[in-house]
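Each of the two complexes below includes chain A, the first together with chain B, the second together with chain C.
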Partner chain A sequence: MTGQAPTPVQMERQRQRARRYTRPGFLIQLALLACLVAGPMLMPSFRVMDLVAKIMIFAVAVASFDIILGYTGIISFAHGMFFGLGAYSVALICHYSQPVQYHHLLLAGLLAALISAVVAVVISALSLRVKAIFFAMVTLAVAEFCHILGYQWSSLTKGEDGVSFKLPGVFNADWSGGSLWGTQINGRLLVYYLILVVAVLLFVGLVRFVRSPVGRVLKAIRDNEQRATALGYRVFRYRVLSTVFGSLVSSLCGALFAMWLSYVNPDTVLGTPLMLNILLMVIIGGLGTVYGGILGAAFIKIAETWLPDLQKLALSLWPKVEFMQRLAERWILLFGILYILSVLFFPKGVVGTLRDRAEVRRLRRLGRP
Partner chain B sequence: MDVLNLAHGAFFAWGAYAGFAVLNALNGLGWVETGTLGQGILSVLLALLAALAIGGVLGLFLERVIIQRVYGDHLKQILITMGASMVLAEVIKVLWSPNNQTVLVPLSFTGSYDVMDVVINKFRVVAIVVGLAVYAGVMAVMQKTKLGIIIRAGVENREVVQTLGYNINRIFTGVFMAGAALAAVGGSMWGIFREQITPAMGDENLIFALIVVIIGGMGSVTGSFLGACMVGLAFNYVAYLVPKLALGANILIMVIILLIKPWGLMGREQ
Partner chain C sequence: MPEAILSLAGVHTHLGQHHILQGVSLEAARGRATVLLGRNGAGKSTTLRTVMGLTPASAGSVVFDGRAIEKARPYAVARAGVGFVPEDQAVLRGLTVEENFRLAMLQESPEAWAKLDTIFELFADLKKFWRAKAGVLSGGQKQMLAIARAFVGDHKLLLIDEPSKGLAPIVVDHLIASLNQLKQHTTIILVEQNFHLASQVGSDYFILDDGRVVHSGLMKALVDDEGLKQSSA
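Entry: the complex of A and B
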């Protein structure tokens, strides 16, 4: 301590630090984590576990997309492609190495990170120099190319049929280790916990990244590029950094996704529907919030699991009208309309809007001492 | 117009489906697969007109309802036109079906001419004629008429044109409609040429359009023309040698151009 009296800003920071373990936000996080850990024990249903695992993976993927779109203001249509690169590196390494061992998984993760980092550096170094808009177009083209490559390079990727593979040792779906407190311990459950651990680590990493000095610079660039340049920040480098970081996390998510399904094919991990899903999730959750990813992913994935019921409903309500059934089949249409409406009228998404309200309330409280 | 429209591919697909629907309806009258030359020409003309109308209406709707709210914000333009393209493609799947459809081609346009041992597909000739006519028409309007001057000035500086008393919003709506209508006509020509259409055909062609624009440079028709020639030739030659790498060759060209001239061949630095 220097002996000087703390400034008001320092005092406010200290107060916030002292409160950090009793904040409602922290308690919600803790409760969510507890639910995720205890979930498979409390609800031993495969459908629920499958849903939760997918939500976790997509929450991180969407949050990493938010780093690029929401915090840096760049549109990348290659986020799904990076997801697919990660998924394919796990799938191919596990498929072609006999017998598959634990270090292969580690190797696959490293390979996914390396490939996606190199590709992201090349793409962004080429197209971010000019204008952020070029980046959108170049990524769209490259992503489509990778999708086609996934189909055509069938000697490696087995084309349309996709690659199915087995995970090593205890992660293998056939492995069984008895039961604990009435819950079957098997390979699926252990993969679930692996996903949980990695996803939480990645998510914490993303949150730390956003709150770091680099994250602040990114926000500054997004809000006023000229000013950030004038302050001496190398805008181009920061943009490349954020794109590479986001893409790398996305590829790791893809690797987790492949491990969960033990199967990949070009349409599910490289295609446009995946990219559109991620876009939808990030818009609904809220741009520039990171936590929005959880809500967006949960909303879309839960809706997706319920939509078959919607089709049955349509079938029972209008058994004769083929048009209504086709409409119910095309649920992406509903999502698309929701997406357009939220871009137009609700640009901050659920989390952003809630945060704005909280901020207004806080300022009002400060205004009335 | 400084609008990034990723829904252009959807207009293309809608045009193809409109043409397909008209040809199917006319086939009920016996005009298409069995008709005379006059009936064949008339049915193709009607199909193109239907595509033109559908494209115009969709363009009007999209511009008025959605795009006018996001002028000047590129990020939102990309996001929202992506959404619009998704919705339009889904509506196609609702109205027709998600599967491929076979387009009926009028009898008089099938087959090919044989000019000194060179086989020329009949419809290719039609496509080239229509394409040149559209290009000449657009160039004439843009270069020779007062409307063209207003549009070019409006692209350069919106506010000044507005202060001179022209309703630039209405004019830009018209330009957008014209663009959408032409994309739809192109789609319907493509459908008749390929004899097969899918709901995803818009996106497939959008990729080429993007590569062409990036290579040629934004805001330059001549640049786009050069880019289109390069992309088309490279695609065909590479497809002949190594079929699987055809799109890859185009992306490679794009990368090289971006390295040498980051603004595209004819683009101006902004």
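Entry: the complex of A and C
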């Protein structure tokens, strides 16, 4: 082929490759990454660092749920459970290992991945061949079983008291490494950066996954299962793969979450509210977008963190207006209103709706009304 | 007469309690375009779906390229080399035109990509909307995409169900030209109500009625036989 003029397909692919590193989306990602790296140094507030760490963890957990729900069209209520399995893997191994060492963290991560993969394979193999609603019910039952197990198996999990533990070496909250450019280097900061590195790697992995040939097949299955099978794809295998991969990533997010809190209990990592939060985040961000996970997680976590502060704000702004203070007290109501507004203005989630608008503009340029 | 690439013998298919195919027997010759004709509900589309394994046969045999496939799952039939273009512009609407093509290439190869260049010559619009979602294409463009997608899949046999359904006459003329191009490369079985298209593309025909083959022969002979033509409509 050397010396021949490029074919139309080759020219189109060359154009796409050339644009890869100059596209606004790529530049926004770089800027975001720079903010996450420099954030703790520029704004040394634990509250902000705590918020950002949780947003990173949940952004990946939501993106992994998006693989299952948004890309493959499988309704699973067990995603929170896998998150909890990962969290408990770290908590129990660190709690029962004396003295706790670095390899225990690695072991906990591997255990979390292994357990979640096995559980996901078993649930998928037993129920993915049947109707979607049956799979949803099975996952709900298994998730609730694990939640109850977290309470009842108190000899291992410490029941509702939960498990608190210490991290090894430089990740221990008590460790201090002096200061650098005015920033205190301590265990919390290093755990933050560990979360940042792992979250970025997992997120990149998820993006690569959905852009891979497997990701295309998953989208085809969501679009029309029969057409996907008539094209030669074994739908059941791909569904299992999607469920296992998404669940595995969720369990690793749970492991990061446990490391950040150094504490877990059944309600925070296995309860239904966690699953509902993940579901809200994916809907707000946009189904089938992966990047929507970042916005969804940021929206919910920022609202959860800052809306309760409205009470103080209302008191200082309108000290004599009782109605405003009572309204600010009921911040969960404001949260509900914000959620409704976001769904009204962004029916396909923020990223989904913005993508749709960009697509409409692009089609207009191509001459389609 | 070339050897048969597909043979159906005494095929029966049930859809729920309905007995749709009641002993269909036919042969499609390799390298030719075979058209299935007949009134609505005669069992033409079900015949294609039965070959594909989407509505499996309850009795009878389906042999493709020397291999029995009546019990095979649809993905296995597709991987054996049978491409299926269902009716209603069956593209994957939520995926881009590019993704639709890449899915059809079970193994992405330089040869498969080279075929796309031929496709772009035939259907220039597909290149224009390369990165657009297939759902936004017009009816004609969707049909072109569905057929072109089957073409890149490197199939030995293509089953095409009513490709002209819902298309404007000018688009149908374009479709005839593309199907004629396509049949230079692969064997086609076409279900079609539009006799003009069927006669322009088909080499052989089978007329189905009430789930059975009632007449067959060369398309050329059918074109000359006014009486039979009326009964096939």
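Note that the second predicted complex is superposed on the first by the 322 of 369 C-alpha atoms of A that agree within 3 Å, B and C clash if a C-alpha of one lies under 4 Å from a C-alpha of the other, contacts with A are read in each partner's own complex, and residues count from 1 in each chain.
Following the convention adopted for this analysis, a residue touches a chain if its C-beta (ideal position, glycine included) is under 8 Å from a C-beta of that chain, and two chains touch if they have at least 3 such contacts.
Given the structure is predicted, the values throughout are model-derived calculations rather than measurements.
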Q.
Looking at A:Thr229 after the superposition, I want to know if it touches chain B, chain C, both of them or none. Which is it: first, second, both, neither?
A. second
Of the two partners chain B and chain C, more of chain A gets touched by chain B
Contact-wise, after the overlay, does A:Arg216 reach chain B, chain C, both or neither (first, second, both, neither)? second
* **Partner chain(s) touched by A:Lys166 [first = chain B, second = chain C, both, neither]** => neither
Ask   = First (chain B), second (chain C), both or neither: which does A:Ile332 touch?
value = first
| request: Return first, second, both or neither, reflecting whether A:Ala136 touches chain B, chain C, both chains, or no partner chain. | output: first
Inset, instruction - Based on the superposed arrangement, let me know which partner A:Ile340 touches: chain B (first), chain C (second), both, or neither? - result: first
Check: chain A residues flagged as touching chain B and also chain C none
Chain B residues touching chain A in their complex are 4, 6, 66, 69-70, 74-76, 78-80, 82-84, 86-87, 90-91, 93-94, 97, 203, 206-207, 210-211, 213-214, 244, 247-248, 250-251, 254-255, 258-259, 262-263, 270
Per the touch rule above, chain A residues touching chain B in the complex are 73, 75, 126-127, 129-134, 136-138, 140-142, 144-145, 148-149, 152-153, 272, 276, 279, 283, 323, 326-327, 330, 332-333, 336-337, 339-340, 343-344, 347
Within their complex, chain C touches chain A through residues 52, 54, 73-75, 78-79, 84, 86, 90, 92-95, 99, 102-104, 106, 108, 113-114, 116-117, 120, 127-133, 136, 153
Chain C partner, complex, touching residues on chain A are 7-10, 12, 213, 216-217, 219-220, 222-224, 226-235, 288, 359, 362-363, 366, 368
